[in-house]
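One chain, chain A, links the two complexes that follow: it is found with chain B in the first and with chain C in the second.
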Partner chain A sequence: MNAVESYQALYWQLAEQLPGHEVAWVRAMRETALQHFAELGFPTRKQEAWKYTQLQALEKNIYHPTTSQQQFINNDDCQQLPLATLDAYKLVFVDGHFNWILSDINPLPDGVVINELSNILNSQTKQQHPIFPLTQQTDDVLNALNNAFITTGAAINILADVQLEKPIHLQYINTIKNKSASYSRNVVIMEPNSHAQLIESHVALGEGDYVNNVQVDIQLETGAQLQHYKLQLEGQSGMHFSETQVELASDSHYQNHLFAFGSQLMRNNIKTKLNGARAGCLLNGLFISQSKQHLEMRTHIDHHAPSCTSRETYRGIANDKSHGVFDGTVVVHPHAQKSDARVTTNNLLLSQGSEIDAKPQLEIYADDVKCSHGATIGQLDEEVLYYLRSRGIDEATSRNLMLFAFANHIIEQCPMNAFQSALHGLLLKQLQSGDQLQELLK
Partner chain B sequence: MSAIKPKIEELISQEYPAGFVTDIESDTLPPGLNEDVIRTISAKKNEPHFLTEWRLDAFRHWQKMTLPHWAHIKYPAIDFQAISYFSAPKKQKQPESLDDVDPELLRTYEKLGIPLEEQKLLAGVAVDAVFDSVSVATTFKDKLAEMGIIFCSFSEAVLKHTELVQRYLGSVVSNRDNFYAALNAAVFSDGSFVYVPKRVRCPMELSTYFRINAALTGQFERTLIIAEERSYVSYLEGCTAPMRDENQLHAAVVELVALDDAQIKYSTVQNWYPGDAEGRGGIYNFVTKRGLCKGNNAKISWTQVETGSAITWKYPSCILKGDNSVGEFYSVALTNNYQQADTGTKMIHVGKNTRSTIISKGISAAQGQNAYRGLVQIHQRADNARNYTQCDSLLIGDRCGAHTFPYIEVRNSTAKVEHEASTSKIGEDQLFYCQQRGLSQEDAVSMIVNGFCKQVFKELPMEFAVEAQKLLGVSLEGSVG
Partner chain C sequence: MNQNSLLQISNLHAEVEGQAILKGIDLTIKAGEVHAIMGPNASGKSTLAHVLAGRPGFEVTQGEIYYQGNDLLSLTTEERARKGLFLAFQYPVEIPGVSNVYLLKAAMNAVRKERGQQELDAMDFLELIRMRMAELGISSELLYRNVNEGFSGGEKKRNEILQMSVLEPQLAILDEIDSGLDIDALKVVANGVNTLRSSERAIVIVTHYQRLLNYIKPDYVHVLSLGRIIKSGGPELAEVLEEKGYGWISQVDDIHHSSSGEIG
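For the complex of A and B:
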């Protein structure tokens, strides 16, 4: 039995335990996805989208979907985790299962509706739930697996004109020890002129070898605005696969701030469709990789309508034998005149044996556009280093200071102050003896 | 801007001025490809055994290969059995001087503005003119021979300098490299061969004009240039083809080998028939060009101006194997009407302190599609490698496309790689600025387009720089200025 067949067999074995197994449309949706997964199969290096990233780990071992939370955690454990103390409406998922006790969403203000996804899947409606047409089938094997095995997630609906003060925090905690996978899917619908902030954090307790497969579908209606922050701090042996699909109506604006420090293998995919005139998006990202980590960041921005703006800045620092990949595509479709797109990626290679691949791409089918991209891969500037040392700062600290400044360029673009300061702390932890830097920065 | 549009459209709708067919009896093989055809080509050219085998090996491998589809281009499937793989002007007498050359042929060159006699007088340019597939006239051979430089047709080199050919043929682009390179290796008819011995600086620009002439004849050129230690050579390649409705396939291979401290400068002006305004006809230009900086401190520089062909699909590349070697790529690619171009370069940094520069300018007009595709790869041992890449696109009209697909792969932490790309139309503020300085709108457009390409034109040898600007003018903006 090959890996694809094993996953299929696994599905039939577990079908009865997955949420919504009694609901016809849910079964149909899962089985279609499973079929699609079988057609796609596992990718090879020859496929353009998989040139730099391999999924052999998923083929070698069959990761069983988790059927329950694996390890008990109490509120105190939870409070120790990064971003836990941030003032927010908090939804906590442990090992791919929603945890009511740790979550804190009451009272929700008027105009905000949050549902847990397994509730929706289990609800005995004859018809497909209206949010599901949004969860598009893509030609991504990880997306297909997710569709087949979804267990949980949040369905968030912000009604028209609602300005949500506090952010909504989706906190994912993995305590998995054996080779298991959690599959979740979040759906966010922002009605006209609503404003909200969404935080997605992924952390691990323990050193387990697991897969965290998260899909996020976001729909912004006219004039809606969403700031989406994501922190990926998975365990050293964990794998993080994520696809975020965003559809923007006219005058809406979407921001995505990604911070990726954890996991042995990450593939983060953001697909943004600017469907309405004057819509805009800002995609920023920062990764720091160590040891043998492999972090891949993919973004795809489609300009479908005129006068849209997209801005993208990704920065990366690769250490040891780690590997970072940036693949960012901007497509300006015919009639999307007055499009303004800018993609920048700057990367630092800190040690021999590390690798960074960058692939910024532009596809332009309209003439009245302003599009550019820039990519650099290099090292810390020796002259700056010399300057700092001449001021009496030792070499290690000088280097750290420069790395901090390099990374801070992305952090300081986050409009949420509380998130910014939390990230500063996390950044210092990522740098070698970064705590010494703390003194200097005071 | 609106006032300029009709002007530009008028310009870009200009007929291809070099479209005519020369009537010369050709010795042509019937269409089709099999081992016998390859043996026949090889036999007709009295090739040594190793070459026949090399061709057959390529052919056998080619049969197992599948057509590549990754490029950003669209074209109907090519029937490789419908192509005639050999066409040579019938041998009359071996021409002793230009007077013996078929006057019909000379007239063709004259129409194109490349009179051989005049060039002989002008000196500085030795032309190995390739008319269809067999070289018929080679000038300045004597002068070059004195210095030990070999500049001859490929077939001649195979017979007279067998050892050199055997040593270097396929050493940069193997006979199994890719689909079209394998096809070329199997059926290549002729081409140019240059060998520059140690410590010799080639005193003139070497030049070849390729013309595709006989109907339904694919042309498969193979060029091999070898620069020995401390030598220097500049090679010019210019192309024009007569107007024809049938699509013609051109799958050439160019191999450059630069040894220690050697320098090769390879310049191309390509103006093959691009097809008519409806996208009918035109040349398919699928070329494999690659240079190997084999020795330390070697330098290979590619400059290309691509204005012709229905489809241009080529990536002149440099393998920087020797320490301190340098690779350069300067390109202007223009697509008009239904032309498509997917072009760029690969810079493979293997040696230490290797440097590369890529400057690519793409201009798309009407329904033209122009893609830059490039790879910069820094290998693990390539300490202190440096790359700078700049690719800019200019869009004229709202139905054209400009695309950029750069791949940057860095495996060495001392490498410095920079890439930037921009896409825009001629800015209204740029035009406004020029006009308020007293320039007419046409002058302003011309100035901006010329300025856009200047970085590349200045890399061309003098003779070519003039021709390139003229070509660009014919193809697009010439009479605006």
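For the complex of A and C:
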């Protein structure tokens, strides 16, 4: 049996335990996805989209979907985790299963509806639930696997004109010890002129070898605004696969601020469709990779309508033998006149063995547009280092100060202050003896 | 070595990227003195300044430097700074993302720690900085801007003097601090330097032109040419240079050479 067949067999073995197994449309959805997965197969390096990242780890070992939370954790464990204390409506998922005891969303204000996904899958409706047309089939093998094995997630609906003050925090905690996988999907529908902030955090308790496969589908209706913050701090043996698909109607605005520090392997994919006039998006990201981490960040922005704006800045720091990839494509379609797009990526290599591939791409099929892209890969500026040292600041602190400043360019663009300060703390932890900077930044 | 000297340079040879720049410098500086090092372009003035500050890649191939009685060359760049050696850069470096106030605080804490002083609390620190900025006519807005980023030439030079005045060095080396300054800015900078003159402190002014020396009176003037000090004297030497130009020195140099040839 090859790996694809093994995952198929696994599905049939577990089918009766997956949520919605008694609901016809859910089974049909899963089986279509499984079929699609088999057709796609695992990617090879020859495929352009998989030039830098391979999924051999998923072929070599078959990661069983978790059927329950694996270890007990209490509220105190939970509070210790990064971002846990941010004031937010919090939904906690442990090992791919919703944990209602650790979650805290009550009381939700009027105009906000949150459902746990397994409830939707299990609800005995004859027709496909309306949020599912959002979860489109894509030609991504990880997305297909997710659709087949999906167990949990949040379905969030913000009604028209609602301005949600407190953010919604989707906290993913992995306690997995053996080779298991969790599959979740979140759906966010923002009705006209609604405003919200969404935080997604992925952290681990323990050192397990696991897969966290998370899909997020977001729909912004006219004039809606969403700030989406994501922290990927998986365990050092964990794998993080994520696809975020965003559809924007006219005058809506989406921000995504990604911070990727964890996991041995990450592939984070953001697909943004600017479908209505004057819609806009801001996609920012920061990764710091060490030891043998492999972190890939992909973004794809489609300008389908006129007068839309897209802004994208990704920064990366690679140390040791780690590998970072940024692949950012912007496509301006024929009718998308007056499009304004900018993609920038700046990267630092801190060691001989580290590697960063940066690929900003523009495809422009309209003639009245303003588009630019730029990429830099370099090392810390020796002139600056000397200048700092000549002021009495030791070499390690000088380097850290420069790294902090480089990374902070992305952090300081987060509009949410509480998230910013939490990220400053997390950034210092990523830097070797970064705590020395702590004093300075007070 | 001379116990009274703050800095003693003997037979200093240094190279940069394999090219010999300094070819036997001897210079002794005592606390309380102000020395001017003058010379045409490519004479090695800036190289000397950076060798003293400990710039990586500037390699000392021969000779010794004693500072406060210790072997300066065995100290790292940052150790030299903490022991009170300060170099004001000819081309101050821009540091993206690091605000002036961070840099000043980090530098001051490092120096105070070395001196066994307590770190200043935030209020005292800001009060001190604001006072010094006012004295130097620096807009307080520059405090929260990134170091030297988008600063005018004059602002950058004043910013160097600000750092110096805050760090209170024992040996201040000013590398072409006058270049690119108009006369008003020059006076402000000179005033900042003069305020720092004291019997415990020595100042080395590296300059191409005599102009700055009208405002900061040196005790000694040295003329550097092709990596060696070819003439030393009092402040009057600068005036002669101003009048006759460096061409006069090379003639002196030629005479010096031919005369030594005769003796040899």
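In this section, the second predicted complex is superposed on the first by the 442 of 442 C-alpha atoms of A that agree within 3 Å, B and C clash if a C-alpha of one lies under 4 Å from a C-alpha of the other, contacts with A are read in each partner's own complex, and residues count from 1 in each chain.
Quick note on the criterion: a residue touches a chain if its C-beta (ideal position, glycine included) is under 8 Å from a C-beta of that chain, and two chains touch if they have at least 3 such contacts.
Owing to the predicted nature of the structure, the values given are computational and were not obtained by experimental measurement.
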item: Joint occupancy of chain A by chain B and chain C, clash or fit; value: fit
item: First (chain B), second (chain C), both or neither touched by A:390; value: second
item: After the two structures are overlaid on chain A, angle v-u-w for chain B, chain A, chain C in degrees (C-alpha centres, nearest 10); value: 70
item: First (chain B), second (chain C), both or neither touched by A:351; value: first
item: First, second, both or neither for A:362, with chain B first and chain C second; value: first
item: Chain B versus chain C as contact partner of A:370, first or second or both or neither; value: first
item: First (chain B), second (chain C), both or neither touched by A:117; value: neither
item: Three-chain overlay, closest Cα atoms of chain B and chain C, distance in Å; value: 15
item: Contact residues of chain A, present in both the chain B and the chain C interface; value: none
item: Touching residues on chain B, where the partner in the complex is chain A; value: 70, 72, 380, 393, 395-425
item: Chain A residues within the chain C interface of the complex; value: 382-384, 386-395, 397-398, 401-402, 404-406, 408-409, 439-442
item: Residues of chain C touching chain A in the complex; value: 53-56, 76-78, 80-82, 87, 89, 92-98, 102-103, 105-107, 109-111, 114, 122, 163, 167
item: Residue ranges of chain A touching chain B (in the complex, touch as defined); value: 48, 334-335, 337, 347, 349-379
